[in-house]
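Below: a set of structures, written as structure tokens.
Below are two complexes that have chain A in common, paired first with chain B and then with chain C.
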Partner chain A sequence: MPDESAKWPRRGLLRGAGLALAAAPLRKALAADEPAQAPPRWMTEQGDTVADYGMPSPYERAVIRRIRDKQKMPTVISTMTPLQDLVGIITPNGLHHARCHAGVPAIDPDRHRLLVHGMVDRPMSFGMDDLTRFPSVSRLHFLECSGNSKFFKAALIKPNWTAQDTHGQVSCAEWTGVRLADVLAEAGVQKGATWMLAEGADACAMSRSIPIEKALDDAILAYAQNGERLRPENGYPLRLFLPGWEGNTSVKWLHRLKLGTQPFETRDETAKYTDLMPDGTALQFNFVMEVKSVITFPSPGKDPKQPGFHEIGGLAWSGRGRVARVEVSTDGGANWREATLQEPVLPQCLTRFRLPWDWDGGPAVLQSRATDETGDVQPTREKLLAARGPNFIYHYNAIHSWRVAPGGEVKLAV
Partner chain B sequence: MPDESAKWPRRGLLRGAGLALAAAPLRKALAADEPAQAPPRWMTEQGDTVADYGMPSPYERAVIRRIRDKQKMPTVISTMTPLQDLVGIITPNGLHHARCHAGVPAIDPDRHRLLVHGMVDRPMSFGMDDLTRFPSVSRLHFLECSGNSKFFKAALIKPNWTAQDTHGQVSCAEWTGVRLADVLAEAGVQKGATWMLAEGADACAMSRSIPIEKALDDAILAYAQNGERLRPENGYPLRLFLPGWEGNTSVKWLHRLKLGTQPFETRDETAKYTDLMPDGTALQFNFVMEVKSVITFPSPGKDPKQPGFHEIGGLAWSGRGRVARVEVSTDGGANWREATLQEPVLPQCLTRFRLPWDWDGGPAVLQSRATDETGDVQPTREKLLAARGPNFIYHYNAIHSWRVAPGGEVKLAV
Partner chain C sequence: MGAVAGLFLLTGAALAADPPYGFGQPATPGEIAGANIDILPDGTGLPPGQGSVGQGAALYASTCAACHGERGEKPLDATMRLVGGAGTLATPKAVQTVGSYWPYATTLFDYIRRAMPFPAPRSLSPDQVYAVTAYVLRLNGVVPDGTVLDAASLPRVRMPNRDGFISAYKPGR
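Let's look at the complex of A and B:
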């Protein structure tokens, strides 16, 4: 049995510590040894066939992505993963969040090419079959939109927000592709090249400038997620993937890389994705998504239904490496207990944390505070707002609070 | 950069070793610095919206499960995962193989209950909400049908089989649920209880007897796969999950557990899922899926298109623990080279292996040979057939061979 199980209280311990599972709703003593009721319909008739490509049960139809902040332009889309409905660390591909600046292009993979040019010895154009011949890598990584948790502006906050609304622009998958460093080595990076333009093949040619160090370090040209080819909204047939960096830099539908000596100052890194400082200047190229966490149970819509034992659970992540520790408070930050982390804990990957909680039925404020392997700790909301000033929009990573009312209803607390 | 990258040859090394990527098809020198062609259609018009629940690109519609050995009864279904089309270790839920004995029941989760009875102190009935209150665990595990690779009978083998046909009844997911040991502790396992009946809520009440040691060790009552609730064909809303054991023992649509002092001798462990020995007696309860592997590239339908550099890739797994080593031969077993294993290597989990291959364009026979952490090694086909005799059907795990013809066509070699 894996290690983590030893940390969980067993029955005797649950009892002794007053953490016993509530008796009434959890069990129903049976008079007879065999079930008494008539069998349900699905045991009396043959079932359905199995589809070529399966879908969730119709009973799960409420578990869907939702579009955030509908824009005037219907192809400016930001969808959010239903974190409160999910468990573990993998996000199923159908629910991976997606941010699209000009909708989802319907790309024919046989006609898609990646151009590598600029400061390279040999300008090159690669088809998908060329790229998949390179040695491949697969890694589990989170992907987070820099605009996830738009909590800097109090006016934007809606009190009925769920975990999907507050944190749903983060997801996690096993990404497979080839090392960008290998492809750039084929083209030959010229001395003095310090920046790389990455451009997508969508109608707005979404593009970002990437420092060459990142390109040569752990960048992937990804063509698959969770085993199968990328989903269209996640960049089919090819995307850049920059572990730990804000999502928009992992340019989707990637068709062009150009090397140069300075940032290319594209629209997407001047008009957007910059952080306005208190003095009115813009902080550009603030790439790394810092340490962050959110409790997914209990959370709005996922109320504890009665006092007694519950398992608090949630997700933590850091663009700087592994999550080292997650502490949980049930009293708004006065006291903290260390949660168990689900193994394996991987760098730049969602990490599931869990903590037993004996809810006394009274009011509670649930918080999680993650620390990463570099020692970075999530700040309080007050500290973050004071440090970043009133103009910030992106990279909000403060400790998040859910308020549990005596009846069990969970609401956003800011 | 992760460790594995250091093991891959870099450009200079590729050249020096004669492993250079073939020049002609891989690159197209460009006269100008900027792309010359007209932009593709998808760059000139706004794209589609993002669905509530996403699906693969229409260009991937050939990547589907296929039904194996169609039976007279249409609800006796065995589907196979398209391993040759997948990368990494995660199987997307829509492509997870499924074996159904009476079709897929359409279970209402609010009406589904799990009965725990027999030799327990307190017979109990659990609803889904009761079960999800228990402490949860998530683990990445393979699931393999004991009838995967029906290679014992030469008459059954078809020369045009792909990796999907030969090995597609294995898949891998992050399974989440509660420890069966915790649930049994609530009911109170009586002294002397040594076996547990696990029964499904499908129309055939598929059922197996499980030794109590396994039930109390690492067994999970699983309600989710890859983050979301189980797919209907994989047991929605609840299944038993027994890491490393033959798939049918991980009873789907689980609605009853009964503890007793001996096996329950159900139809599914007498008329099926036994191994007929040379002397005509039946070996029952042969649970563990032993160490095994398959090369997914190159493989039938995934031919190397020209000589030069290719990456041989595939999957290895063992029901006894971690994969320790995978060796690959390109000459039918005369010489072996050790492949790189994709991290993390997890117990009872698919493990991806990779090896660079400089194909000279001549005939080749590709084989992989996995060893697990207990020291078990895949046997040759000849040794396995000699050891198990002519009546065996299940638990075939011999070294598998693909034959590459001079033109690159890959075919099954037996």
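Let's look at the complex of A and C:
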């Protein structure tokens, strides 16, 4: 594989040189009687002033979060990140996906408190000023809704879905906050406490039970993302952040933690966010988001315009740790080549992969298959469906396929 | 020497029990009482009060039916369905409702109290929450007509899918 990538610059150079030779006479002929071109308008007048808070160029207006499945209730929200339009591994804050069960609460940070009670020595109440005094921690992590790419049922799939529609409920940010373990130590977790209820201050007081091991391990009480305070839709002023776990457990607008000896059996860990298996039983507390990947170029709406060199690119991630490798197939899984991983490759973080591709202009089926550092490999869709049956909704992580038609149009292939 | 060591041990023990940073304030009883709304399956946390199927029927018609459907079977959106689906969980077209899927009746009380009615959460009294809980359980055939629920009887309601859940959580993996 390294040999294959090493060939590319040379071949690209040769091809470029050939093109330049062929095109050179034509350009020269045009130049002979062509008048000097006028400078563009923006070089002939003063530009705009700088906004207090900057926004993208108006020419990037189409790069926005979108809602795939419109809900009857406008405050039951599921927005998706435009993965196909982004580069690098960081999701800009305004494009970070957001799942809200009862709208976005307008919380006054000066009035927001975090209550820590239950099986603790000292029930405590913390204001934001108290919390930000603890030693800070800052980590890059993906956040994925467990319902991301929930398209088990072929009947629900629409052929015009983009990468945003199929995988846009994963985003990645630098999360800054304090260690939950430090804050819990202030209250003094009692021996025997095994579960922690985390509750949000939204209009459904969204709540989940978290095992104490995770709470004391790598859990963060985050107050910032990508260098600024959390966006309201992502939990302002305070959210729980549990690296690698289904997004719903990283409770937003966090206002209460209660320690106990058993799960609290909330609605969002019984009626929802549980996985109904073929035999009619359901998996509960299925927390980890397993290894997964998606190709973002080429992808629907991002067609290769002409045959020749293209760089296939995409994102891979695993809730169990680092991405170890990503393989890419252009023939529907018959042959695989190992892609290059772009640094940094961090645990529980989006990782970008690239592979040079000489498209012959013919039909192709593009797939990516990620393996994480624990050895977990993405399953095929067929294998996943066979194992999980027809009613499974959450934790879909199958190998994903895009079909490239001879003209270059890319569509979802199932 | 022994006295010094003893003093050291005492101080050490006292330090270990002290909060490491001393940030935050002790939570007040009123602060805890106002926020402590979770209900455990054994009924821990249920407030005083009671409500009947009949009272719940009237309240449901005026407060819940517009979204969840007159009898909880034909909601605005399939995800809001409350009633039906018995015996479907192991079939290709599973219908997951309070009656067919939810393992604990206490969760129904907990969720109605914290999140419903959708336009005005936290507006129902404990009596009203008991009543609507009773009526939704009645619609599902889980309790009979005339049932009155309170902190003692609600945890004793056995849901049809009580044993249908398996924990996938394994510490360290």
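Here, the second predicted complex is superposed on the first by the 379 of 414 C-alpha atoms of A that agree within 3 Å, B and C clash if a C-alpha of one lies under 4 Å from a C-alpha of the other, contacts with A are read in each partner's own complex, and residues count from 1 in each chain.
Here, a contact is a pair of C-beta atoms (placed from the backbone, for glycine too) under 8 Å apart; a residue touches a chain by one contact, two chains touch by 3 or more.
The shown structure was predicted, so the numbers you read here are calculated from the model rather than taken from an experiment.
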Partner chain(s) touched by A:N391 [first = chain B, second = chain C, both, neither]: second
More residues of chain A are touched by which partner: chain B or chain C? B
Once the structures are superposed on A, label A:R133 by its partner contacts, choosing first (chain B), second (chain C), both or neither. both
Please indicate which partner A:P56 is in contact with in the superposed arrangement: first for chain B, second for chain C, both, or neither. first
So, does A:T270 touch the first partner chain B, the second partner chain C, both, or neither? second
Identify the partner contact of A:Q284: answer first if only chain B is touched, second if only chain C is, both if each is, neither if none is. second
In the overlaid three-chain picture, which partner chain does A:E228 touch, first (chain B) or second (chain C), both, or neither? first
Which partner does A:T44 reach: the first (chain B), the second (chain C), both, or neither? first
Overlap of the chain B and chain C footprints on chain A, listed as residue numbers: 102, 115, 117, 122-126, 130, 133-134, 182, 185-186, 203, 205, 256
Once bound in the complex, which stretches of chain C touch chain A? 17, 19-28, 31-32, 35-38, 40-41, 67, 76-77, 80, 89-90, 92-94, 96, 98, 101-104, 106-107, 110-111, 114-115, 118, 121, 164-169, 171-173
In their complex, what parts of chain B are in touch with chain A? 1-2, 4-5, 8, 10-11, 21, 25-30, 33-35, 40, 42-60, 63-67, 74-75, 77, 79, 85-96, 98, 100, 102-109, 111-112, 115, 117-118, 122-126, 129-130, 133-139, 173-174, 176, 179, 181-182, 185-186, 201-203, 205, 217-218, 224, 226-233, 236-237, 253, 256, 305, 309-311, 313, 342, 344, 346, 352, 354, 356
In the complex formed with chain C, which residues of chain A make contact? 71-73, 101-102, 113, 115-117, 121-127, 130-131, 133-134, 182, 185-188, 197, 199, 203-205, 207, 211, 213, 255-256, 258, 260, 262, 264-267, 270-271, 274-276, 278-288, 389-391
